[in-house]
């Protein structure tokens, strides 16, 4: 059966989005002869009579190695709570009806929604109002349930690990403490895994509120044993035991400027009180979202795109594509967005870090 | 209980070996206070009264980002069939008794054998003669059963995908067919996954003997549709339907020179007979084994090393560490070496390639 | 004065070509309001009534980091000796008149010819027939006179040095001799500079015919002093003293397959006769031409493009843009193509290699 | 004549330092049979009876591709103004006599001082007190006179350009202004050259105090012409016309934390007042100093090291090695440290940026 499908990318930028788009377009057109349209700027593209862009094989040529998304994305676009200006004031309004109507008017049979937690929840709500949707999980932080991992995470890890390699030379040459702040508001996956791969000495994650004294002791211990430098990786959402998160808002809702006074600087200030060492902070920031996707993310993104088309073919609406081991599977979106996938403080990864002699903020 | 354990790396070089060694050393010493010795040049290091090298925390400092293995490896060293010179002639001799005795003499309680198919089989045999062994799977080709993936494979994929990115510019600028030969004597995983990630147009793997006519048609079809260039990725063990493998010996048993007349050149010659296009061959060769391990391989290698020490602690000898999903598990070595993990011609990965419009040598 | 200028890229692919094109288009349009057309596939694009492609700011968006050339290139296209089929036979014919007429018909005021030795000579001849031309030097091998260096060379060096880093791990782990063959038919610059930067032990270049005995001794000497591996870099045009070049044709005129039996394999075969060591050969080939240009090449390419437009503005036809120190200058094309810039066997670079203990094929 | 020479690295970390050290050691030992000692932690290593480390060929093995300096560096160590604690207070004291005596006591015939502006001035003063010194220029910012360029700068440019490539994807996908702050307190070379190579839209450098209105107009203009994003590169020492520098202290004298409120954040705040766009800031910071040196810096560093040894051989004390075009030369240190090499606002590089349509803070 010939179909017309739409694809949109929502939420923060993520390496591999173009691989998903290309996967959807190629598998829909080459094998099935379907029609594909690209909805621009996330769910925003379904409002205000904006016209989706027809996507042919030509349009996805050469995009596989490119970061970002050719469809653009949006941070505003929740149609259930959309900022509408009324008498000079911004009022959050439910404009989802317009979306439902617009999809029908455009003759779109089904939508592939590529997004994180937030975007998938919107997709689920639209589904309940009759819009056939399938989901593709996207999160740089790796905090989505029901999938072993998503695209973008591996590229972000490569960027973070490469940065740690770079900081090592300066730390060693100058006998310094280098603190690197990485993404991860609620989940410490990037900090934990890049810290292990980049040879960090201390890793601070939101799931394990840290004790400053312990961190000081760990660094002091290293110095006593002859290592004149230390590398600390801190997830942006890490916070001291008994304290509160420095970053409360979404990274994409607040200006990066505010984040500059984030956890990295906080830890630096606190460490100066207990250590007589030179300290430097690096905030990796948006570099983690950019760049050409790694081979892992290109392959996974492509497979996710193909899988989404297969879900539509089998009319498994409301499902989300996922990775289990080496296999592509699917689960109800509902199960995936119920809660975030956090690091288990007693799980294998944290234990591995400890076995390697890394201080994770405690003991 | 305090233990003295040995670690050796056998078979071909592989990015991540040093991460494993470091993982073993750190987890054995820091948490357990054990003693670790490094056996040099694979099983060779247990012959001829060679002394293993004591490995302390100092010895593994800074090796995480480094390719290769600080312990060296050997291609000869099968103690069950060892080349001994007798009267000027080389005779393959069973010298495994010496190994068994040597391990006892050295007071080694258990050995971590890091290796592929071949090395693990040797480890298993030694096990049967009373040497306590645990295995860590190593294969660049990803052809080992019972583990989702091993370290080294991801780095090799990055190298191959990066090379494909590079060949794309020349292919496009010169309207050429670029053929790239990658590793994979029996299993086509590197060709298949790097081909998908690098945007190849044709992928040839040992598991699907190819039809030249089909390949020609695919390239011709692309030209008709306006694409003046094509990229072909061929696993070194690929061969034409009805033909035989060009590479029969192990890559490490034969000189690379002989391999230069491998499958890449063969396909180039054959394609010139049916296509009037400029063709170039690149043999990626040893570049795939080298370089700093990717973040994925550093983390996985470290976890495998830790896991091996835990296996020894629990006296699970004869077992091999493996990855299932995101978790480290173990299986009997016996199960892992029974046969090679080949690409399933009807499996998800091949189907994905086809969905993306890639020709895989058939249809 | 408003002008209409054409740009073409000739000869082999080279990272930075797109930077030149972008530099020409931006500086011609933004500051001067000129018109730019892109002539496709080198001088071929001026034959057979092919229409150049108008190039606006939109057309050069995003091409700066991309390898290759958006205009394509050609290996055939010498209009003074063009392969024309006459009665089924290919006859080399002077069709330069057509080019001269075509340029006039198209209303092109001046042409920016980006190319190496060959393309610049053609440009010079067209100049003599009344076509206003300015040149931009392009050579991956760095063998063009009158410019300190050209774009593309630095990127090729990065690729070669990175490959040497990779081969080091395998060489060390396996106690092997690794031979890497790099570009450089007549000039050994890539071999020499990447060899110095990549820590090679032996460097073979066309300018210094090598003595095999000397090379053997150097490797033997290393082994005696405890280094169980050696890295050899050989320019494709290197040859033994008293011998002849293995590669006689242009790399772009002959199939890569033939080159596989090149100098790397030759040296490997010869070394096996005097050394009892494992040897492997890697032919870097087209990987050197590909990939995203390095920052050096992007900046230099951009400046060359701008410089070419300034030459046209000042009507300095027949001149070629060049780099002297940190400054962009120009010289008569005639001076640049008179002879190749070869490595001086007594110059600073060869002396530097020797000071570092590298064997360069002699002594 | 056999000599004993010392080498020290002063000031900030810089990729290529190890290449210099290796070049000095290899050329002094292999060809000349000299003795080399490594003075640790800059000039600090000549105080308090610290013993230099003997450097043999073994000690420099494998350091060529490594960032940082195996000798360590120091930010305190000016022996003419050394922080000495007297009665609990830190007093800057001239302790240069100790250095002069120490050098004599150690039997060091000459010292290779690798450093920037500051370290070279110290070297010059020691020279006047009878310590034979030759200089090797080191500056990541490229602000040293009398040499075309120094090692480290190219690697820093690669890091900055790569970061700009990464920010491009996010900027495009999110329709954002991305501001990247790079090194350059007094000289804007890194900002200018990486901005050109990374396709920036605005470049702010200390040499051209910027007008905010102009910058706003440039970005607005882009938006009107359809480009929904803009990339701004700002040297840390850039400042608004009529304003003052935000960064007054040396990057290495002040904590990075303070710098987080640097020029990037300042520009972001100011731009929000005139533009209704999403803005993000990235402070590249220490990442620019780290990492494996590029091929250019490895080769240049090696040649500088060799050149320094040759200067000592010819007893050209008080001279500094430099690069002119492709040749290694030398100049009196005195000439090199007289003033900083700043970007000429009317020079070729700024003009090139303007020709490419980049706003440089004015017009």
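As written, the chain order gives the labels A, B, C and D, with residue 1 at the start of each chain.
Methods note: a contact is a pair of C-beta atoms (placed from the backbone, for glycine too) under 8 Å apart; a residue touches a chain by one contact, two chains touch by 3 or more.
Note that the structure is a prediction, hence the values are computed from the model and not measured.
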{"item": "Over-half contact-pair match to B-C, picked out of the listed pairs A-B, C-D or A-D", "value": "A-D"}
{"item": "Rounded Å distance between chain A and chain D, as computed from the means of their C-alpha atoms", "value": "35"}
{"item": "Cα-centroid distance, chain C relative to chain D, in whole angstrom", "value": "31"}
{"item": "Separation of chain A from chain C, taking each centre as the mean of its C-alpha atoms, in whole Å", "value": "41"}
{"item": "Where chain C touches two or more other chains at once, by residue number", "value": "165"}
{"item": "In contact (per the touch rule at the top): chain pairs", "value": "A-B, A-D, B-C, C-D"}
{"item": "Residues on chain A engaged by chain D in the complex (per definition of touch)", "value": "9, 12-13, 15, 17, 41, 66-69, 72-73, 75, 159, 162-163, 165-170, 172-175, 178, 255-257, 260-261, 265, 268-269, 272, 278-283, 285-287, 289-291"}
{"item": "Of all residues in chain A, those that touch chain B in their complex", "value": "22-23, 26-27, 30-31, 57, 64-65, 148-149, 154, 157-158, 160-161, 165, 193-194, 196-199, 292, 294-296, 298-299, 302-303, 306, 309, 324-328, 348, 352, 354-357"}
